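So, here's a batch of structures to check.
In the two complexes that follow, chain A is the common piece, with chain B as its partner first and chain C second.
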Partner chain A sequence: MGIVGPRARTNRLVTRDLGDELLVYDLERHKAYCLNQVAMQVFRHCDGETTIQDMALRIGNALGLPVDEQAVRLGLVRLEKAHLLDDPVGLTLHTSRRELLRTLGRAAVVVVPLVSAITVPTSAQAQATGVCPTLGQPCRSTADCGNPSMCKCNPAGFCAPN
Partner chain B sequence: MSGRSLGERPALRALLGRWLVTGELPSAPDEALASLLVEVAREQGLAGLLHQAIGEQRVRWPDAPRVALRRAEQEAFAFGVRQLDTASRVQDFLGARGVCCLPLKGAALAERLYESVAHRPMADVDLLVLDEWPRAVTLLEEAGFAEQGQADHARAFLDPASGTIVELHRGVTSCARLFPLDLDATWRRCRRGVGLMRQVPSSEDLLVHLSLHAAFQHGLALRLVQYLDFRRLLEREPPDPALLAQLATGARAQGAVALALEAAHAVVGAPLGPALQELVTAWLPSGLRRYVVSRLRVNPFALLAPAEPALAWVRWQLATGRRIALVRETLSPGLSSVSRPAGLGAVGRALGLARRWGLPTLRSLGARPER
Partner chain C sequence: MEKLDRLGWAAGLAFTAYGVSVGVRVSDRSVLERVRALLPPGWKPVGKPTVRRLYSLIVGGPTHRSGVHRFNILYSDGARLLRTHDLEETLGQLELDLELYIADRAPRRTFVHAGVVGWNGQAIVIPGRSFSGKSSLVKALVKAGASYYSDEFAVLDERGRVHPYPMPLAIRPGRDGGPLMKYRAEELGGVAGVRPLPVGLVLFTRFVGGTRFRPRPLSAGRAVLELLAHTLPARRRPGRVLDALTQAVAQASVLRGTRGEAEETVRQILGSEGFRREHSALLSGVKASVGQGG
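And then the complex of A and B:
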């Protein structure tokens, strides 16, 4: 029996379910994504067997909201663009996101699938995100603690928030 | 940063510490206080755990600080996975060339003791090289890793592919020869990791490593999440007391283990149980008992990083019976990861260390513990 539906990638992905969103790290491309609830549901229903029509129905039941097939298509396109599907689904949206939002009306705010990229800081960049990542490490000067805007070497010789 | 917020930080650290012990979430009545609490939670490595707890307990928190926590958890997840992936690749890379290494501290426990790597943020990932140290360094350099810094027991490298810092260790702490670890036995006892890390140290080895790092390397000035490591290890993978006793004795790390366990018990309620309590009582150096009573039992949260630890004094106490070796190792490390000039180099190092640790230690010892 051939595959009738899209299949989510499972290889070389690390996921973390936060309840209302799913964090996904792609170990091949070193990119991280945050999937909102709708995108998470689309991703989870991509088992290679469920059709888009069934997906819309099941996701709608799971969320307690009417979910349009177009919303599922939009989710698949976004997942594919993020390389989170096993095979290209070859979908094209017949409507733009703006038109889709208009079609879906007020419910769109909750049923639009979002796949947002998470900025993965490098070790150096992590120091500029409000954390002093070398916190508590011994240092001789502030230069030992990385970014001086976030960390400083305190008089005791430890890296501390600046 | 305002003076008010600086003054509030120790109190907020204590608030977060009590949350870890009791499970009772700190309330955040206004946005300013909640934002400061988020900042302190990030400083203490607890932003991800706090975000999860707020969600699970459905506590009302102002929106902006909650969004900041969410973003912190997302970034910590992405950064943490990338760090562990890098550590795992280095472990594989060196292993394929016959050099064994095991993760230390956060890298060794983030996946096994926490639900998410986002809950155990790390500044860098540490790998303990078990054999062929010079070759391990050369292999990494040849692979394009750029050296970022060095200490007597470790060298830090930047992975050009991921921008992650990997610290390659030849000892768990400075003056590593004071604590002779049986690295062959450490490798024999290691186990398969549950996530990205292929092999991780046994519970008993991990506890000895964590204790040496906490007590000797940092004089107990750790972040809250690092104290939580002890509690989670004791709760989730309780070490065998007999094996722990054997390892700690072999590594001459009994004092460090006792002090670290006593501190973890005081700070985050790490469960010691009768067998471990017996070891702690037997092993705690007499010189440190008063310190434990006067500091840990009065206000354990005052120890938390970035507090000034009485590092030189703690090391002196932990080196009871081998203080000449401590002085020798401090001035001229025998197990150095780098080559050092003799003679004047040792004098310069002595002066530097005295300047760096002398006054802070005296200040810390002289300060009365705050209640």
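And then the complex of A and C:
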């Protein structure tokens, strides 16, 4: 049987199930994602065999809510953008996200698939301020400027980026 | 490294902290006591000669030749970290690099850049980068009766409990700068916590003048995502880090929003009836029912 539906990526991912959310860590890109319940269900149903129509039906049954095919498509587009699908599904949404939200109305809060992402910082980035926060302040030595990896005391006696 | 090894070293020490072994050698014995004062909490001297990282500090200063001032040079293993005439700056860099290395390599702890206090048997964790105002908030919380755990790291174990990291609280006296002032909890009229605590509240907040603290709840998943941005070994050990963070937020309320003055925010967190009703999880220890936060 050939592949008829999208397939979720499994290689080099670390996942943690929080019940109604799924955390995914991409070891290749060092990005972390939080999938809400609907996005998680879409991700879980991406087995290469389930069609979008079937997904909508099964996810709707699982959540006890009517889930539109467009919502599944939106989920797939978001998962693909996050590199969480094995092959590009080449989907285009027939409606914009804004239109979809309008169509779904109040139910959108529950059934819109959300994929939140961050780029996981290196340990130095997690420790650093990112900018020199004491920029322009008078100083006698770099110790007066806080984090010496970000700031230094320049010869004129003011804190400056390192 | 071999060239460095051939230099004459006056003194040195080897220690472990959080399961990481480190050595420091100095070219001037009188500086060693100052190095000891920079070591992380709970460090213990070790006798074995092999360490995972070796810092070498060549101490500069004036020489017998007039007008000649030698540089202070700091090495981490074989790599030069800093070359400067300022010994304070050199020691500051040593402290920072040591802290970073240990936080990143500790095998059984997860270090999250955050301020932490204890309140009613639970930890209030305030993640944030340096100068986001977390130290001011920690100071105000300690003055209001919370026990001091850290203004630098939330040190999490595999169960998600927070352990104390009792370095002195570093506060800049005014927003217009000036040298850092360091306080022990007792100097602020508070006490330092000693027992590991479960997390009751995680506050993602930063100071914005003129604003009132109106935080919004975050879901557990979004909270873990935000905490990852402040977690040092996140790239090195993602699986274990995710486990520790997930455990940490499992029973916690997680709130996000800008805040005004620290004292006013603390009054809201600890004193306001409305806030207590709204975020009763902190006080009751029951997980708040939160939706997908904004």
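Definition applied: the second predicted complex is superposed on the first by the 121 of 162 C-alpha atoms of A that agree within 3 Å, B and C clash if a C-alpha of one lies under 4 Å from a C-alpha of the other, contacts with A are read in each partner's own complex, and residues count from 1 in each chain.
Basically, contacts are C-beta pairs under 8 Å (C-beta built on N, C-alpha and C of every residue); 3 or more make two chains touch, one makes a residue touch a chain.
Computed from a predicted structure; not experimentally measured.
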A:114 touches, of chain B and chain C: first, second, both or neither? second
Partner chain(s) touched by A:14 [first = chain B, second = chain C, both, neither]: both
Touched partner set for A:122, first chain B, second chain C, both or neither: both
Which superposed partner A:22 touches (first chain B, second chain C, both, neither): second
Common interface positions of chain A, toward chain B and toward chain C: 14, 16, 18, 23, 25, 27, 30, 32, 34, 118, 120-124, 126, 129-130, 133-134, 137-138, 144, 159
Interface residues, chain A side, partner chain B - complex: 14, 16, 18-19, 23, 25, 27, 30, 32, 34, 118-126, 129-138, 140, 144, 154-161
Sites on chain B touched by chain A in the complex: 39, 42-43, 52, 55, 72-75, 77-79, 81-82, 85, 116, 118, 121-124, 149, 158, 161-165, 195-196, 217-218, 221-223, 305-309, 311, 352, 356-357, 359-360, 363-364
Touching residues (chain side chain C, partner chain A) in the complex: 82, 84, 86, 88-89, 92-93, 96, 99-100, 103-104, 113, 129-131, 172, 176-180, 219-222, 224-226, 228-236, 238-239, 242-243, 246, 292
Sites on chain A touched by chain C in the complex: 14, 16, 18, 21-23, 25, 27, 30, 32-36, 114, 116-118, 120-124, 126-130, 133-134, 137-139, 141-144, 146-149, 159
